[in-house]
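Look for chain A in each of the two complexes below; its partner is chain B in the first and chain C in the second.
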Partner chain A sequence: MDPTLVLQGVLSGLLFGGVYSLMAVGLTLIFGVMRVVNFAHGDMMVWGMYLALLLSTRAGLDPYLAFVACAAALFALGLAVQRGLVDRIVDAPHEMQILLMLGVALVLENLALVAFGPEPARVRSALSTATVWLGPVFVDVARLVTFAVAVVLTLALYLFLFRTDVGRTVRAAADNTYGALVIGTDVRRVYAVAFGVGAACVGAAGALVSPILPFQPATGLSLSVASFNIVIIGGMGSLLGAFIGGLLVSVAESLGAVFLKPSLKELFSFSLLIVILLFRPAGLFGKRL
Partner chain B sequence: MSALLRLDGLEAGYGDMTAIRGVSLEVRQGEIVALIGSNGAGKTTTLRAICGLLPLRRGTVELDGRRISGLRSAAVVAGGIAHVPEGRQLFPTMTVLENLELGARSTESRRRRGETLERVFALFPLLAERRGQLAGTLSGGEQQMTAIGRALMARPRLLMLDEPSLGLAPVTVSSIFANLAAINRDGVTILLVEQNVLRALRLSHRAYVLENGTIALEGASQRLLVDEGIKRAYFGR
Partner chain C sequence: MGPWLWLAALAVLLALPAVLSGYVVTIFILIFFYGFLGQAWNIVGGYTGQLSVGHAAFVGIGGYTAAMLSIEAGLTPWIGMFIGGALAAVLGAIIAYLGFRFGLRGFYFVLLTVAFAEVCRILASNIDAIGGALGLYITFTGNPRQFQFQDQRAYYYVALALMMAATGVVAVIERRRFGIYLTAIREDEAACEALGVNTFKYKMLAMLVSSFLTGIGGTFYAYYLFSLQPSTVFGIPLSVEIIIRPIVGGAGTLLGPILGSFILTPLGELSRSYFGQGGMYGVHLIAYGVLLIAVVLFLPHGAYPYLTRLFGGRPRA
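Now for the complex of A and B:
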């Protein structure tokens, strides 16, 4: 095995991992605050991709600019889903929550199918064809920018949660919902903010990855599964865990493609999940189980 | 003295169970009122019903003559009632300072947050030392101080405490009860729920005894301290 090839695999995996991290951070935020698993997460991401496609084809907007609009649109969608649907089942048993969220996922996927058809799509960016050489390995400029923006957005989310009053309230509700209620927090509003921000993360992630990853309506499911994998590896509800987990899973998948073949990349990421759960049942940064 | 808090015929419960029935009491401006009774008498339920955490089946709650029953907890806190719940209910992975600052929720209390924080630190100097520490790593007494401090950050007119002595060493309880007296001298009216009847009666001006969900006895704490029935039921003498 050529070491350059392995290095290339690690690097491109790492760069792609930024998007995985952003997507998983959104999922873990929603779970951490509401204890609801957003099974529609991947499908929300696919809608972020299609919105980037629309903005690119209709308005000529580059996805590396359009991600802001996609995040805003998905924030609104997340808010609507929370206020209209999730709010009714926050205290319901898990199986009822799962059924509802799977329903939302199916509706989103099939709406995309109706609107855009089943063919794979890809968004063009001015950066798509540019590459730079870093010593022996080359780097897609698109991947580099995707990674940089995803990391900056994750950092912005961190600052929001740890440095602003609204963010601290979100963390408080995640830490102890009853305690938050006792001190007079409007917990429903916190839930709406958390779901909106979580969806905005995945909307931005979708737009950022749209020039790199071909997608179709059915892509949502595999993205949801990848998000769950990352969040479980990182530890449910842990932001740092989701961030690190995203990079790890992406590198594992990239190496899987190098050592075996691209269609078997998930063999690596799910093996990683099994190995980590064997030794750390609560995930890398999980606190309790 | 006018009544700051007035409960009239409160009834509340969980599922088919009725935990309190026809509870009426009042807390006057500037008082410390104790609500005592054995385990399961309905003390916690009464507090939860006052602050909108549990729906009322019957009865009304008035704060300063204004009806607050039926309001959600956020509105009750904004109206001037802060609640130190049983088990403290802090945010364990957040720092002491963050826990305290989160207590200031209304616009008014947020505007004066720095000033209130200084008062809380003056009352509990230990919290100033521990401000960067995660609340989950504090000792029981420190956690209770943080919970009281967090409630004070809301700048309440009425402070309600649920079993502040629970699980704490006697010396810690003494210091916390001394703090409560100081808070009261600062002008905060207090409604105290306690199982530690002797200490509660010594601290308070008046007291209500809750038995099986109804008020069985009420009166000046000095008088209840020497009441034969109370002595038999709670002091084992």
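Now for the complex of A and C:
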């Protein structure tokens, strides 16, 4: 096995992992605050991708700028889904929540199918063709920028949660909903903010990955499953776990594609998921937000 | 409803193919087949309350087993279907043992079932001996010994028989202590355990019966469609198709899966063919999604309990 190839695999996996991390951080935020699993997470991300595509083809906006608009649009979508649907089943049994979110996922995925068709799409960016050499390995500039922006956004989310008053109320409600209610927190508003911010994460992640990853409406399902994977491996509700889990899963898949057939790469993360589910269902990083 | 009404309904279903057009017969075949799969899922997902979103794996294993035995060893699918069911039950036992022994509940159990189905899908697409990603194609011979029929109406009766058999199994379970244990596990597992019920054993049994029946369905799938592709037959979308009918009709009720299939299958098929002509393929799935959301919000127990209340039947036990 050529060591350069392995190094290349690790590097490209790591760079792609930034997007996985951002996506998983959004999922874990929603779960941590509401104990609701967003089964429509990947489908929301696909909508972020298609918005980036629209902004690029209709307005000529580069996805590395358009991600801000995509995040804002998905924030609104997340807010609407939370206010209109999720809010009514926050206290319902898990099964009911899962089914409701499955319904939302079906609607979002197939609206995209009706609107954009099943053909794979990709967004053009000025950066798409540029590469730089780092010693023996080369790096796509697009991947590098995607990674950098995704990491900056994750850090920004961290600062929001730990350094601002709204962020502190979000963490308080996640930690102890009843306690937060007692001290006068508007928990419904916190839920709406958390769902909105969680969806905004995938809005941005979708736009950022749109020049790298060809996508179609059905991509949403595999992205959802990948996010569940990462969040379980990192620990449901743990931001740090989601971040590191994202990098870990991405590197594992990338190495899987190097050592085995590319079509077997997902086998790695699913096997890892089963092992973690059985032996450490709390994940690698506990469960605190 | 008395037994005479049931016999009358059955007589109507038996006589229908004589008067229906080919297309309507096709829709009925799908109603019965998905009603059968929904009924099989109902045992573990409805009565026992263990939400499996990986039942497609059992369809896949059952279908592939029967098809491979027929292609490679010349074994008739009429026997192969039971071997397929048995292998599906082995996988069901593994998933259930791991899931229940390690105490996975709610979302974690859902993910475990999804993960196993996905592992099956990836493995099947990478094993060239069973056709790899392209899957298996079955040559049409029209020989009933090969589970193939020239006449659509034969599939109609086979699918009807499958649905009636599964419903019979569930009706028997429902009336026995076993069924009462399953419902009790769904309602309050801890209390059930405290009363001395071996909940692990009964959850395992529920999964075994459910996966065996679903595996048998795989043979019908293979020999009705004449092809098996890993991405469809092991995929999450098929699992969702399986669970959505019993949930809409009423999970954990005897007639819920059948009612759900009578509601959703024609809706799905008609909108698929109506909108599919205009190239709009996702419309029936949007309708499913909206229905799923509406059921959770407005009819959390499904349509069947609601209807029985509406028509003054006895309340659900």
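Criterion: the second predicted complex is superposed on the first by the 278 of 289 C-alpha atoms of A that agree within 3 Å, B and C clash if a C-alpha of one lies under 4 Å from a C-alpha of the other, contacts with A are read in each partner's own complex, and residues count from 1 in each chain.
Following the convention adopted for this analysis, a contact is a pair of C-beta atoms (placed from the backbone, for glycine too) under 8 Å apart; a residue touches a chain by one contact, two chains touch by 3 or more.
Keep in mind that this is a model prediction, so the values were computed, not measured.
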Query - Combined model on chain A where chain B meets chain C, clash or fit - result: fit
Report summary line: Between chain B and chain C, the one with more contact residues on chain A is chain C
Query raised in the report: With the two structures laid over each other on chain A, which partner does A:271 touch: chain B (first), chain C (second), both, or neither?
Result: second
Query - Partner chain in contact with A:116 - chain B first, chain C second, else both or neither - result: neither
Report task. Answer with first, second, both or neither: which of chain B and chain C does A:67 touch in the superposed model? Result -> neither
Query - Which superposed partner A:178 touches (first chain B, second chain C, both, neither) - result: first
Query raised in the report: Of the partners chain B and chain C, which touch A:186 in the superposed model: first, second, both, neither?
Result: first
Requested in this report: Applying the touch criterion given at the start, work out whether A:195 contacts chain B, chain C, both or neither, answering first, second, both or neither.
Outcome: neither
Requested in this report: Scan A:169 for contacts with chain B and chain C and give back first, second, both or neither.
Outcome: first
Query raised in the report: Touching A:243 in the superposition: chain B (first), chain C (second), both, neither?
Result: neither
Report summary line: In the overlay, chain B and chain C get no closer at Cα level (Å) than 18
Query raised in the report: On chain A, what residues does chain B touch that chain C touches as well?
Result: none
Report task. Report the residues of chain C in contact with chain A in the complex, numbered from low to high. Result -> 49, 51, 53, 98, 102, 104-108, 110-112, 114-116, 118-119, 122-123, 125-126, 133, 236-237, 240, 247, 279-283, 285-286, 288-293, 295-297, 300
Report summary line: chain B partner, complex, touching residues on chain A are 165, 168-169, 171-172, 175-176, 178-186, 287
Report task. Note which residues of chain A are touching chain C in the complex, please. Result -> 37, 85, 88-89, 92, 94-96, 98-100, 102-114, 117-118, 217, 221, 225, 228, 232, 261, 263-264, 266-267, 270-271, 273-274, 277-279, 281
Query - Residue ranges of chain B in contact with chain A within the complex - result: 51, 53, 72-78, 82-83, 85, 89-94, 98, 101-103, 105-106, 110, 150-151, 154
